[in-house]
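The two complexes that follow have chain A in common; it is paired with chain B in the first and with chain C in the second.
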Partner chain A sequence: MLSRLPFNKQKRVVIISFVALPLLLLLTFSYYPALELVRLSFTSWDGLSPDKEWIGWANYKEVFSNPEIFGVFKHNFAYFAVGIVQNIVAIYFAVVLNGRLKGKNFFRLLLFLPYILNGVAVAYLFGYVFDTTNGSLNYLLGQLGFGALSETSWLGSESFVNYTLASIGFWRFMGFNMVIYLAALQSIPGDIYEAASIDGANGWQQFISITLPNIYKIIELNLFLTVTGALEVFDLPFVLTKGGPAGASETFVMKILETAFQFNNYGLASAMSVVLLLFVIVVLSIQRFLLNGKGD
Partner chain B sequence: MNRTNRLWDSVKYASLLLAVFAILFPPYIIVVNAFKTKEEFHSKSYISAPDSFLYFKNFVQAFKQADMTTAFGNTILIVAITLILNILLGSAFCYAVGRFEFKLKGPLLGLFLFATIIPSITTQVVNYKTVQMLDLTNHLMGPVLIYVGADILQIYIFLQFIKNIPNELDESAMLEGASLIRIFRSIIFPLLAPATATIVILKTIAIYNDMYTPYLYLPRAEHVVVSTSLMRFFGVNSGDWQMISSAILIIMIPTAVLYLFLQKYIFAGVTSGAVK
Partner chain C sequence: MKKTYSLALVSVIMLTTLAACGGNNAETNNTSQTNNAGSGTATSEPGSASDISGELVFLTNRTDMIDKQYADYEKRFEEKYPGVDLKFEAITDYDKTLKIRIASGDFPDVVFVPSIPNAELPNYFAPLDDIQFSGDIHFKDLKAYEGKMYGVSSGGSTVGIVYNKNAFEKAGITELPKTYDEFLAASQKLKDAGIVPLASNFKDKWPLDTWVFDIPTLIGGDAAHQNKRAETDTPYTLDNAYGKSWGIIRELHQKGFLEADVNSTNWEQSKKDVASGKYGMYLLGNWVINQVIENGAPAEDIGFFPFPADNSGVAKAPLNPDFFYAVNKNGNVGAAKAFIHWMIEESGYDDFAGFIPTLKSKESKLPQLAEFNSFAPKFFEPVSPVDAATQIQNKAQLDQAAAVQEFVLSKDPQKVLDKVNAAWAKAKKDLGL
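Entry: the complex of A and B
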């Protein structure tokens, strides 16, 4: 039926019908909520009542002045710090696997493995590793002769519970970062290295003056993923510690969801979401700015 | 020169061995303990092998108690419907956008591109209300709607792929009188197969591993999925590590097996998806 129409008309039908539904979904589940968040953030809505009372900037004042809310970002910092180390290690292994090496594919397969495992299962897996009395880490430390260290309560200490949790993130995502770096490394033409070694550059010099500049964009991308990942951490502490001990491992996203779905304070939760959204946009703009600056 | 090379070689292999150990040690503990009886678990050291790797009672009990028949059934249903919708909508959209020029195409793509920076976890506060309004909370289609509506990975992958399909194919089919719908159905869509495979695998793993969406939208026991069944099971059995170990293994194995067999597609998808 359609084939009898001239192609111009067909084209219009195809464009409209093929674009409409994805566009509608995008608007409904990405843009509408983003805008609605902004509107709700100025109200004291409880999630149920029909009237949404306008309260101006009160929610934002609360977000920035209440240490119980904004102070939670201190917990997120651990994930950022560990994320940086994770990127350095990922670059290291990507360089190693990009060189001449026996069993290259095996190592790549294994290092990436944690990324595809179920997150809840991984969380409990490490619940076992880090358990104080039955945990395999403390057992291992005891066997190796670190008597005092082997009684550490890895998930029960307010001072480093976030680093313990972040190290699980390290275990899970290092291979993912590495695979991205590896793809970038493989796209660097080999003759640049050949030319450099003919000129007498050693491995380290080649790394600094050829490898790093060539994967600069990918480093930025991974750092962006690290920063936003650290800002948005949620599932590990939610499953493993429920934010404990004494709220020490609560993250900002946990706080948002708790504020909305447990305390029914949708207005405040929306303001917190907007703040998070703005942070992500700021990080992205800084990254773009730096990238463009470098490109000139 | 030779000595530094040899030194570098030993550093390389030593660090790789350390990484292999760090990655395999936690699952190893789970594997050996999942096959132990309760008495064995308490009398033996945590890292020793079980008496028999044929002791499957923990698995059977965990499978039943965590209601994994329902969990796997629900997960598979959600994955299947999400994938069908995602692939149909995604490939059709990319055909329209990738093949034709039209007004507002630039802004349209920009809109899709920009959406990726909105952290989806923050919009849950509003999306939950939308799904509730559609009466789809406590309904398996609720998560499906969220997965179909809020993720646009498939669009990036299809769009990259469709550019590499030569335009001459479309043109010669047009000359033979095929309609555009037909060209999409019988030429473009089949040629997108490798991209489709990548999307199927990546999304299957992503949905299978997602915890928060089902936790939020499907709180009832009858709608349990794989991730939430493990959470429920842990709540009831906490401390009973040999039982939990076997439940963890049951849930980890499917994606690990998929990964081993389909690694080519997974690596292709991860690199192209990330460098968007």
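Entry: the complex of A and C
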């Protein structure tokens, strides 16, 4: 039937029918819930009752004026800081494993494996590592002769609990970042390096002048993933510390869940989600602005 | 030509499926609306007891009992009521999941009451006053609204010290402590014997609920303390029941009677440690006794006595309800009521779960509960929660167990209370209560 139609019309029919289905799915399962979220954020819905009372901007005012809510963002800073280090280490490993090295596929696999593990499983695993009295880390430290250090409460110290948790994220996602960098590195043609070494450039100069500019877009992508990951971290503190000690490791997403499901304030929780979304956009815009300014 | 047909066929099928989707939606909407409208009038006349038949679904949180005890329950229940087809559906994360299903307008016939205000109970559940139990039951008024009962407790539990008798023997404790000072002395003996006196499971938060709900009841001699918070701007002070209760766990922490690092506790491991005598005691509900026994302790080694919260020497204990059965008012009400009656009177579920029976006249078969009762404790039954207190607490986003954590860890506990009170007062004012 289609073959009788003129070519342009055929093309249009094919395009529309192929695009319609994914668009329909996208609209029903992504955009409609998102819009519903925005609508709920202006109500005081308790998650159950049929009437959703419209209360205007009150929820948003609450989010920004209550330090208990907005203040937890500073806990996310640790994840961000560790995320930067994680990217540097990932580039380092990518460069090393891109060169000539015996058994490099094995090392690649080794570094990538943690990413495959389920997040909650990873959290439980590290619960045993960081346990103060029976944990393997403190046991190791004790055996190595660091008596005082081996009694550290890794998950119980308000000052560095977030860094302890972030280090687990490091262990888990470094390999993933590395694989992305590796793919980028492999797309750089080898003759550029050849030409550079003929001109007498050493390894570091090659890295700065050839490798970095070529993987710039990928660094941006990885930073994007790191920043959103840092802002939305949830599973590690939820399983390991329940936000403790005394709320020191509570993250914004945990706060959202608590607000919705423990305090039955779905309206406020929706507003918090919208704020988180906006926050991610703002941080990413800043990051893009800074990186592009440098890049061009 | 063939192509034309198949294409036409495909489009017809797609269109009909789409149309069917839409039609379905409209239909369910309609039915739920009519149901709502209809039941508004139907609630006034209690469901007639004669029509006990049809399918009956019970939504339970005990995933572990599916195909085991429940298979037996189903057989016995259907023997008594041959017309009923009883089904069990077990879910985890019960409260959240059930609330979502209730919000969708379609949920099983018998469920456990979710955490909603009592005033909303009549919107979803049928009144259960006409179930004829063989005697008085506990917690009759807790899930009631305007004089009608909407929930029947599946069992009760009390809170006290669950202890390892071997550990006590090893530490040279010959007599169980009856006052707070004796309790401290016993703890010191345990500590000197290299045993961690009390497993608090501080990190996990929920075990601290005891200090929020139960111990203040014993100290104040009043179970309504959570409700009375609604009447004041400063519900948490150092010299009231909360301050005293939280002060006890703070003192235990400072004297080193809790785990070495309270921020790094492990609930599953602690059960094994209490069972083996590495830890001496728990301050938890009697439900934990069976779990300790499952983790390797001989049943006769585990004992249970009331927690001496003060030096009066009078044994006191709270009596707390477990989940409440409720009946979907749009479901199979008659059979559901028969099922609840059967669960309470005949199933034996209370003994299996280690509950204090809901029927006041029934005795528990658990030996530890017998030991507990030998202290002749004065039991405090809870009062039904006042919505105002819950509202303020939700508005203030107050997690009391987290506040206990902060209180215990902080150098200046008064500051923690000030912070909590300030949030409380602000929420109270914002709500206009």
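In this section, the second predicted complex is superposed on the first by the 258 of 296 C-alpha atoms of A that agree within 3 Å, B and C clash if a C-alpha of one lies under 4 Å from a C-alpha of the other, contacts with A are read in each partner's own complex, and residues count from 1 in each chain.
By our rule, a residue touches a chain if its C-beta (ideal position, glycine included) is under 8 Å from a C-beta of that chain, and two chains touch if they have at least 3 such contacts.
Bear in mind the structure is a predicted one, so any value in this text is a computation, not a measurement.
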item	value
Partners on chain A (chain B, chain C) - clash or fit	clash
Chain A: partner with more touched residues, chain B or chain C	B
Chain B versus chain C as contact partner of A:G47, first or second or both or neither	both
Partner chain in contact with A:F261 - chain B first, chain C second, else both or neither	both
Touching partner for A:D235 - first (chain B), second (chain C), both, neither	first
Which of chain B and chain C A:I180 touches, first, second, both or neither	first
First (chain B), second (chain C), both or neither touched by A:S136	first
Common interface positions of chain A, toward chain B and toward chain C	2, 47, 134, 261
Chain C residues touching chain A - in the complex, by the definition given at the top	3-4, 7, 96, 99, 102-103, 115-116, 120, 203-205, 259-264, 266, 269, 393-395, 397, 399, 402, 405-406, 409-410, 423
For the chain B and chain A complex, residues of the former touching the latter	4, 8, 12, 15-16, 19-20, 22-27, 29-30, 45-47, 89-90, 92-93, 95-97, 100, 102, 108, 111-112, 115, 117-130, 145-146, 148-150, 152, 155, 174, 177-182, 184, 205, 208-212, 216, 226-228, 230-231, 234, 241, 244-245, 248, 251-252, 255-256, 258-260, 263, 266-267, 270-271, 274-275
Chain C-touching residues of chain A, taken from the complex the two chains share	1-2, 47-49, 68-69, 127, 130-135, 153-157, 241-247, 258-259, 261-265
Of chain A, residues touching chain B in the complex	2-3, 5, 7, 10-11, 13-15, 18-19, 21-23, 25-26, 28-34, 36-37, 40, 47, 92-93, 96, 99, 101, 107, 109-114, 116-122, 124-126, 128-129, 134, 136, 139-140, 171, 176, 179-180, 183, 202-203, 218, 221, 225, 228, 231-232, 234-235, 238-239, 253, 256-257, 260-261, 266, 269-270, 273, 276-277, 280-281, 284
